[in-house]
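Chains: A, B, C and D, in written order; residue numbering restarts at 1 for each.
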Amino acid sequence: MPVTNDKLIIAGREFDSRLMVGTGKYADFQQMVRAIEVSGAQIITVAVRRVNISDRSKESLLDHIDLKKYTLLPNTAGCYTAEDAIRTCRLAREAGLSDFVKLEVLGDEKTLFPNNEELLKAAKVLIAEGFTVLPYTSDDPIICKKLEDMGCAAVMPLGAPIGSGLGIRNPYNIQIILETVKVPVIVDAGVGTASDAAIAMELGCDGVLMNTAIAGAQDPVAMAEAMNLAVRAGRLAYRAGRIPRKLYATASSPLAGLIA
Amino acid sequence: MPVTNDKLIIAGREFDSRLMVGTGKYADFQQMVRAIEVSGAQIITVAVRRVNISDRSKESLLDHIDLKKYTLLPNTAGCYTAEDAIRTCRLAREAGLSDFVKLEVLGDEKTLFPNNEELLKAAKVLIAEGFTVLPYTSDDPIICKKLEDMGCAAVMPLGAPIGSGLGIRNPYNIQIILETVKVPVIVDAGVGTASDAAIAMELGCDGVLMNTAIAGAQDPVAMAEAMNLAVRAGRLAYRAGRIPRKLYATASSPLAGLIA
Amino acid sequence: MPVTNDKLIIAGREFDSRLMVGTGKYADFQQMVRAIEVSGAQIITVAVRRVNISDRSKESLLDHIDLKKYTLLPNTAGCYTAEDAIRTCRLAREAGLSDFVKLEVLGDEKTLFPNNEELLKAAKVLIAEGFTVLPYTSDDPIICKKLEDMGCAAVMPLGAPIGSGLGIRNPYNIQIILETVKVPVIVDAGVGTASDAAIAMELGCDGVLMNTAIAGAQDPVAMAEAMNLAVRAGRLAYRAGRIPRKLYATASSPLAGLIA
Amino acid sequence: MPVTNDKLIIAGREFDSRLMVGTGKYADFQQMVRAIEVSGAQIITVAVRRVNISDRSKESLLDHIDLKKYTLLPNTAGCYTAEDAIRTCRLAREAGLSDFVKLEVLGDEKTLFPNNEELLKAAKVLIAEGFTVLPYTSDDPIICKKLEDMGCAAVMPLGAPIGSGLGIRNPYNIQIILETVKVPVIVDAGVGTASDAAIAMELGCDGVLMNTAIAGAQDPVAMAEAMNLAVRAGRLAYRAGRIPRKLYATASSPLAGLIA
C-alpha cells in the first residue's frame, strides 16, 4: 500500500483522520470546540444522554459542533442494559442525530468495563433496525469476531479502563484481534498520553477514540494537538515498516521473545 | 512555561526541532536528503571518518547537505579510545566542519556501548580545547553528572544499544538523569519506532537523536516524517500535562507502582 | 493473617497447595506421574475427552493417578458449545470421576480463548444440577462477577492464551478481578516459567493452574519442582508484605505510576 | 548440565545457595538471625563500617553470626572514593574478617548508584593486594568486562537502585552482560519481591544479593523464606528449559519481539 491515499473507511464512509474524540469533561464549550479543532478529528462522539434532545430552546452541546464539518457519532454512555442502549439509539435517530452509533453497554459503575452479553444482544437488534453499529468492547478476540459476524461496522476494543490513562495494557490481545477480524479495529478507552495513541496505530489498528486523555489534561488544547500528531506518527510508522528489535545491532537474529 | 516559544537551547544556540538525525545507512544520498528534509531536523550528525576530508575532489556526503540550513554535528563514530576520539575531533575542526561535536568512544564492536572511562578523558581534553561537547553515554546518572560538571553542553544517554530498535529500555534511569543534571538530556540510540521517540519526550527529555530507526526502515522517508510528528507529539504531551494513571477512572488515587 | 495456616479453600474443601496441574502433553505416564508428584499439586485436572471412560479394560490416564492422594478436577477441554460442555460434565459424573469440574467452553481452535456467552449458559445449567463449577474465563471483571453471582466456586481468568507462555499479560485486570469477587481467583493459562507463577501469587491470586509450562519444558520434572517453589515463594511474598517501589531508596514517595 | 550438582563457584569456593543476603535494617539481631537462617543463604555481607572492629568489648553484629556456618563478605557501603574503599577493605582484613570483599564505591547519597571510575581504581589496587573482589556496578557490559579482565572474581550489576524494589529494570543489559563475561554474574540491588529474584535467575544469572527486600518487608522472616524459594525456583526453571513465548499456542513461530 502506498503511504499516500491512506483513508480510514467505515461502513463505506471515508475519513482522513484516524483520531476520534469525545465531547465530555471540558471546562466549557469554547475549550471543547478548540480542542476538537486542533485534534484534526472528523468523527465526534456525543453521549445521547447529555444532549438536550427534548428541549431545543436551551443551549446544547450540539449548538457548538459544526455538523457540516464533523461526522457525529452518538454513543450510549450510561446504559447498563441492552434494552436501555437500544432505546437510547432509537432516540438519537428520532432526534435526527445519526444512525451511526457507538454502542456502549456498561458492566458496572466502578470500572466502566463493557457488559459483553448485553452488548451482543443490543448490537443484534440495532443492526436489524438498520443502525451502523460501532461497539465498545473488551480486548477479547472471540467477542470481536462475534460482533463482526453479526454485522458491526467496526470493533472498538478497550486499551485499558475508560479514563484510566493506562495505555494499551495488552497489545498481545489487540494483535490477535487484528489477525481475527477484517472490519476496522479502533482502540477505544485507556489512552493516557501521545505515545499510547502512537502505539495503538503502530500495532496496526485503524483508529483511536479518546476523551479523558484530552479533556482531562492540564492543557486540553495542547494535548489535542499532541494526539493529532501522535496518531499520524503511529500510522506512518506502521506503514513505513520499522526496523526489527534486536538485543544489539550486530545480533544475528531479531529478539525472539526471550525477555517479556 | 507556555506551550508556544518552546526552543531547544544547546550551548546558547536555539533550535525549533528537537529531533536530530544521522546520515548513515541510506540507500543513496537522494534518499538521505529527502529523509532529513521531512524529518524537520536542524542538527545533522555525520561521522568524521565517513566524510572525505582530505580529498575534496571526490563526492562527499557534505556536498549533499545544505550547511546554511542545517547545523552540522560531527561525531567520532568508530573511535575506541580517548586518543582516537580527540584526534578525530581535531581533524573535524581543522577541516572546518564544526567545533560542536558528538563525542562517542565505543567499548566494543559488538554492542557499541560507550566506554565511559575513555569518554570522560576525551571530554576533558576537548572541552579544554574549546570544543562544545555532546557526549554519547550510558543511562547512568553518575556519569551524566560528571559530564555536566566537566562542562559538556548536553548529555546523550542511550535508550538502548545503537541500532537495536528496543526503545527506552530503562525509563527509570532516564528519569533520574533528568532529576540530576541541568544541561539538555538528549536520548541517543535505541529508538525503533515513533512511539519510542514520543516516550523519550514525554519523560521530559530535551531531544532525541536517531539514525538506524529512520535509515533502516522499509520506507525511510515515511519514517522520517513519522519521527518528526512523534517528537513534536511527545513534547507537546509532556507540556500539556497528562492525566494521572489509575487502575480505573473512579479509583481514589493514582496507581502507586503496585504493578511494574 | 498469620503466615502459617494458609489454606486454599474451594467450595469448603481445604488444600495446602495452591498449584494445580494438568495431565496432557507428557512424553509418557511415568514422566507425568513424576512431574505431578514433585509439583506438590493436590488438584489434578484431566480432560474428560482424553479419559477412556467407556472401555475400562484398556490403559487409562486414571490408572496412573492415585485418587486417594489427589483431587481430580475433570475439565471440558475441546468443547466449543455450552451443550457440549454440559454433556461432558454429566459424562464425568456418571463415570464417577467427580462433580467438581473445570468448565472450559472454547471460542476457537486457534487461540483457545473462552467463549464467555456459552460459558455462562453452561455454568448456569451445571450449577443447577449440583456441580461445583470452576470456570476458565477471560481476565474480564464483569464476566467474573457474573460467574460468582451465579454460584461458581471460583473464577479462573487466563493470564495469557493457553500454551502461549506469555505470563500474566494484564496484571491490571487481574487486580481489578481480585477487588471485584470474593471467591478464589485462580490464574489458568499463560504461565511460561516460574516467575510468572510467582507474579500471579504476588498479585494476591489464590492459586495457579498450568499444564504446558511444565509438560512442554525441556525437563518437565525439574520445571514442576520450579513451579512448586515459585507458587509458594509468590504466596509467601504476598503475605510477607513487600517493600514499596520507589525510583530510588531516598525518594520521598512510592512511584506513582509515572512510568508504565 | 544435570539439574543436580548445581553449585555456585566463586574464586574456587563452592556454595549450594545462590542467594546472598545483607545484615542491615532489621528491627533487631534476633530478627536478622532468623531471617538469614530461613533464607538459606551461605554468604552474608556486612558493612565494615557498621561492625564494631576497634572495641570488641561491645555488642557487635558479628557476635550474632555463626562464622563456621556462613561465609562473611565484608562490604564497603558508605565509601564514595577509591581511597576510602581500599582503606576499608584493608581494615576488614586486618580485623580478620575476610579477604573476600564486596566492593562498593558510591556515586552519590541520593541514588546510591556506583561510581564506576573510582570502582575500577579500587578494584585494581585491591586485586594487586590479594583480595578476592566482588564489585557492585552498573548494568553496563563494558564496565563488567573491564572488571573481569582486571581479575574480579564475579561481577555484581544492579537490577535497579539500592532499596528501590523495582526489580530487574533492564533485563536486556543483564542478558548482554551474561553473554560478555565468564565470571559469575550476581544481581546486586533492586530486588523488591520474590518474582524479581526468580527473574534474575531465569535470565541465567549465577546469584542474587539483597538486603532491603527482606529486611524492609512487613514480615522479614517470611520474605526471607520467599526469597529462598524464589531463587531456587528461578534457577531450576532456567535449567529446566522453559517453553517458548508465542502469541498463542498454535502460532507457527515464537514471538519475534514485535511487541516490547
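Criterion: a residue touches a chain if its C-beta (ideal position, glycine included) is under 8 Å from a C-beta of that chain, and two chains touch if they have at least 3 such contacts.
If you're wondering where the values come from, they're calculated on a predicted model, not measured in any experiment.
Looking at the partners of chain A and chain D together, the chains they share are B, C.
Number of steps on the shortest path from chain B to chain D, with steps defined by chain touch: 1.
The chain pair B-C and the chain pair C-D differ in C-beta contact count, and the higher one is C-D. Between chain C and chain D the centroid-to-centroid distance comes to 34 Å (mean Cα coordinates, whole Å). Look at where the CA atoms of chain A average out and do the same for chain C: the two points lie 33 Å apart.
One simple way to say how far apart two chains are is to compare their mean CA positions; for chain B and chain C this gives 47 Å. Looking at chain C, residues 111, 161, 164, 166, 172, 176, 244-248, 255, 260 sit in touch with two or more other chains.
Contact residues on chain C toward chain B in their complex (touch as defined above): 171-172, 175-176, 203, 244-248, 254-260. Chain contact summary for the complex, chain D toward chain B: residues 107-108, 111, 113-117, 120, 138, 140-143, 145-146, 160-161, 164, 166-167, 169-170, 172-173, 176, 180, 260. Residues 3, 109-112, 161-166, 192-195, 198-199, 202, 212-213, 216-220, 222-223, 225-230, 232-234, 236-237, 239-251, 255 of chain C are the ones that touch chain D when the two sit in their complex.
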